[in-house]
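We just call them A, B, C and D in the order they show up, numbering each chain from 1.
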Amino acid sequence: MPTILGQNQYGKAENRVVKITRDGDTHHIKDLNVSVALSGDLDDVHLTGSNANCLPTDTTKNTCFAFAKEHGIESAEAYGIALARHFVDSQPSIHRARIRIEEYSWERIAGSDAGSNFIGADEVKHSFVRKGQETRLAQITYSAEGAEGAKFEVLSGLKDLTVMNTTNSEFWGFIKDKYTTLQEDYDRILATSLSTWWRHSWTGETEEGGARPPQWNKSYEQAKKHILQAFVETYSLSLQQTLFQMGSRVINNRSEIDEIRFSAPNKHHFRQDLSAFGLENEAKDGAVYWAADRPYGLIEATILRDGAEQRIPVDMTNL
Amino acid sequence: MPTILGQNQYGKAENRVVKITRDGDTHHIKDLNVSVALSGDLDDVHLTGSNANCLPTDTTKNTCFAFAKEHGIESAEAYGIALARHFVDSQPSIHRARIRIEEYSWERIAGSDAGSNFIGADEVKHSFVRKGQETRLAQITYSAEGAEGAKFEVLSGLKDLTVMNTTNSEFWGFIKDKYTTLQEDYDRILATSLSTWWRHSWTGETEEGGARPPQWNKSYEQAKKHILQAFVETYSLSLQQTLFQMGSRVINNRSEIDEIRFSAPNKHHFRQDLSAFGLENEAKDGAVYWAADRPYGLIEATILRDGAEQRIPVDMTNL
Amino acid sequence: MPTILGQNQYGKAENRVVKITRDGDTHHIKDLNVSVALSGDLDDVHLTGSNANCLPTDTTKNTCFAFAKEHGIESAEAYGIALARHFVDSQPSIHRARIRIEEYSWERIAGSDAGSNFIGADEVKHSFVRKGQETRLAQITYSAEGAEGAKFEVLSGLKDLTVMNTTNSEFWGFIKDKYTTLQEDYDRILATSLSTWWRHSWTGETEEGGARPPQWNKSYEQAKKHILQAFVETYSLSLQQTLFQMGSRVINNRSEIDEIRFSAPNKHHFRQDLSAFGLENEAKDGAVYWAADRPYGLIEATILRDGAEQRIPVDMTNL
Amino acid sequence: MPTILGQNQYGKAENRVVKITRDGDTHHIKDLNVSVALSGDLDDVHLTGSNANCLPTDTTKNTCFAFAKEHGIESAEAYGIALARHFVDSQPSIHRARIRIEEYSWERIAGSDAGSNFIGADEVKHSFVRKGQETRLAQITYSAEGAEGAKFEVLSGLKDLTVMNTTNSEFWGFIKDKYTTLQEDYDRILATSLSTWWRHSWTGETEEGGARPPQWNKSYEQAKKHILQAFVETYSLSLQQTLFQMGSRVINNRSEIDEIRFSAPNKHHFRQDLSAFGLENEAKDGAVYWAADRPYGLIEATILRDGAEQRIPVDMTNL
């Protein structure tokens, strides 16, 4: 047969694992969407249909739920590390496991929305509203191959974090070719829905032979804050510039992060031309804009710690 | 011709109108999705294709943008009232206008996310993050027909407000027929993604011949808070009971609202059976659940002020 | 309590029922999405949380699957009639049942796609590809109330049938007001994604006291064909005119159908202005268009047999 | 500055280009969604915000429309090749262009749907219905770098082609570990929604210094047919086996294709347990199944011509 099998992986995708923790009357929620992808000695499954080396995807699903009970979910990253290690270490035919996780956040109802003449926030023990903002992401890859102790790769990230600067954004001085009709703009809206992954330098499971693992939840919160803060503080001449500022701020402030990649659609807000109706519509006066759907500028970039290896795939953040 | 024309309406749907207001250096956003539907003397358009009575949908679009500039957007309801009145009062062939609006909310970045060691919230003048929680809804109908002054109908509402009680929910004592296999449950998760419309009693435009219009923004905030508060406080024996408590609380506390309708999918969280792996998974200990997509229970109900007319269509809140 | 309960209904929504029929080696697929909504003596469920009159939504789900096995699925309508009758006739507390069904169609692989040098269509017994065109719809309502034998209402319909005429469409002679900037067009693209429901005159279950029920599958195929044929044959001066032609043709040719309602977004294809690049782009020469997403004109209309009652809700076909 | 810029690209995404060709009275449609991504000397855009090397995304949009007019759209691949070459060859600062295209297919109305007692297919010159089946894909990458003539990489593919075998699929003999509860199945439904990319061996633009380019449209049709045919003919012991058969058949029959990658969600159809109601539900008798949404098995694999390089990114076909 003149054809050969290349890269392959399989597993159960989108396991919707929800774990409630009860701390007396006070409850906590972890709400995850977990996808498992396994690789290894799987030629026979493809070539002959023999499943002797195949752990069923249904079993990977069961394991996701059982691990949530047995080990809890301290963070998406810690939970994913435990799962990935389990599949590789317990099955001789599985050499590599990749766990991808989306996490949805919830907040206590009274804390955010109910207000002062309602029940107090400290009395709300088990009532939540989905926060609805960004989705937190994690990807943990664990490989049995390789001679050294560096076996893990942990990416964290987020998507659907939609931000807008209503001023302090310009776009001018660009190339004009035969097909250019765009006018220069000295006061435009800059809005985007961020999708981003960042890579932790930590690659070893334990402190022996490697650094202590990051505090995953704190690291996430800080990375997100630096991204937002850079968005606030950057006077932007291009969305590319804003992305680079975001990435640099994360790399410079978070020593545990070596690489970050952004995919940022430019969510165009076009100033509506109202001159036919005798109306001025200048940005400086507060203007009316049309929020367009398609097409959109799409800006993608990786920012790295000097000397770090570029490892986040280009297609991981494509829209 | 043995066929006749029945109810018909037309207009431009989903105009994405974004209005920035500048108050010195401090900016504000109103972010709307506006749909226009007009009715009137439109038989010819359908029967012969004559457009002599037809205001183009493109013109209704232009009007949405121009009105945002000319009149501003104090609230979705006030803006929709102005638009609806304009179409009916300015065009003899248009007898009825219905404006439907979705509103997306934004919050200042530092106020919600950036934290204490970052830029202060009071310094963030023009940087926003989309809140991402519920979408606010409004529907304004204005009719030229009728002898009295009661010409407006204003509905407000929201959708995609996802809430969860992790306890204080039971379901038992139900009918068991030949096809019943469900087990009774004395401690289940109750989660739903609320879609709701409510109707204001106000029907006249001015105070003469009618009541003063509600303070639309305050009314919305309060209605939402009462819905959430009822969700927190109800020990639930059925989702229907919870909906009735929500609706009653709104009607009882907000004199401007006469009717409210809910459509509430029961977002099932099934306790995972882990017994095959030697694991107990009881609600009382904090359990692991599977968040299911389909099928889902769908509970719909209208709650009315005694004596009020039921006017919100059943199909308006169907999913 | 000053609040009262209005219209309410409940049931399991979106049961994905797939039934395979084996006719020797030749298989057939019925692929449905079934939603149940029940009404009746349900005040207690809402007011006190007593479920004594409540058939669980889980039971309605089980019934959908069991009926597919016990009675088969000859058509969505016939299956829905059996389900609706069962719920009302078997449960004293249930007085009305509404079954809504979406149906997805499949075709044998070789018949459509594999071509002549492949396996013959008559050899493909159990291999299918999802057709992907319109989704067929049905809604069956059965009510125990009322003195006469007229207890059923059956709507059929479809959605997501996207059609385009690349010429023979004009739009001119419309109202010009202060906000009108649209140019008249004598050769435009007319494209829409049809959503439509039609109502059968049949209201009784048996021939006694009522007419013979329609042949549901043939009726559907013919209604769809008349809609498409009218789209082909109408030289259009407005989308409204095209809709009326479609509806009239269905009513005139199908005696079993009394009423039809359309919701038709005008999927705008704007001729791109290429004059800045020295390029003409006239419709007559074959032009390049930009297919816009939002906003879009939305045209809705009901067409009735003269003397028939208008019963399809306005909001049933809103987008 | 301790941070550096890594891989980056930008351009206008999702340009909805529709081209009508008129051949006398007979019209033809090409309906594309075109995304441009450019790379090159773009450090300044990121580091200082200088746009001197930046061709605006708006210009890339204009170019997509203008090229559709100037050069027509013989196939997505040929159109993308012309676009990619233009950006790199005309702009010194652009060294690499990647064009991604989705294509939606339309068919003449009467040919497929209207039937014999309606207008004949040969009379339907300009009326179309969207086919609704798979979306055709193409990705063209053109790079100015490198000493040899091999500058192009052309991938073709498809997504959302949903297929089902209602028998001739088994799954057994798999690993049983502590978390395995799955039962073996000797007659199951096998259904998937295929997403696939394949790579053409052709890398040069002209025949000089390279092979003649494939006939893109014929190549696409044949590749799709071989995929479908392998699905029909494979008695499946695992979805992996079916994918390998599909891929091998394409590679073996299409000399212009060197590599193909599949991402195939196992669209589970679970046989419903009806035993509680006294009903048997065996596959052999024609059974009732529940079509589940999530979780789903996800099977991904690359199949290569022996000796070919594996170049299609793993993350390009992830769901």
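We adopt the following convention: a contact is a pair of C-beta atoms (placed from the backbone, for glycine too) under 8 Å apart; a residue touches a chain by one contact, two chains touch by 3 or more.
Keep in mind that this is a model prediction, so the values were computed, not measured.
Colleague: Stepping chain to touching chain, what's the minimum from chain B to chain D?
Modeller: 1
Colleague: Can you name the chain that lies farthest from chain C, using the mean of each chain's Cα atoms as its centre?
Modeller: The chain lying farthest from chain C is A.
Colleague: Name the chain pair with more contacting C-beta pairs, choosing from A-C and B-C.
Modeller: Pair with more contacting C-beta pairs, A-C versus B-C: B-C.
Colleague: Can you give the whole-Å distance between the Cα centres of chain B and chain C?
Modeller: Averaging C-alpha atoms per chain gives centres 25 Å apart.
Colleague: When the C-alpha atoms of chain A and chain C are each averaged to a single point, how far apart are the two points in Å?
Modeller: Using C-alpha averages as centres, the distance is 38 Å.
Colleague: Can you work out the whole-Å distance between the CA centroids of chain A and chain B?
Modeller: Inter-chain centre distance comes to 30 Å.
Colleague: Using the touch definition from the top, which residues of chain A touch two or more other chains?
Modeller: Within chain A, residues 15-16, 62, 66, 179, 181, 276-277, 293-294 contact more than one other chain.
Colleague: Can you list the chain C residues touching chain A in their complex?
Modeller: By the definition above, chain C touches chain A via 178-179, 181, 276-277, 293-294.
Colleague: Once bound in the complex, which stretches of chain D touch chain A?
Modeller: Touching chain A: residues 1-16, 35, 37, 42, 45-59, 61-63, 66, 90-91, 93, 171-175, 177, 179-182, 236-238, 240-241, 243-244, 247-248, 251-252, 259, 261, 265-266, 294-306, 310, 313-316, 319 of chain D.
Colleague: Which positions of chain A touch chain B when the two form their complex?
Modeller: 15-22, 27, 29, 31, 62, 65-66, 68-70, 106, 109-110, 113-115, 118-119, 124, 126-134, 160-168, 189, 221, 224-225, 228-229, 231-233, 269, 272, 274, 276-277, 279, 281, 283-293
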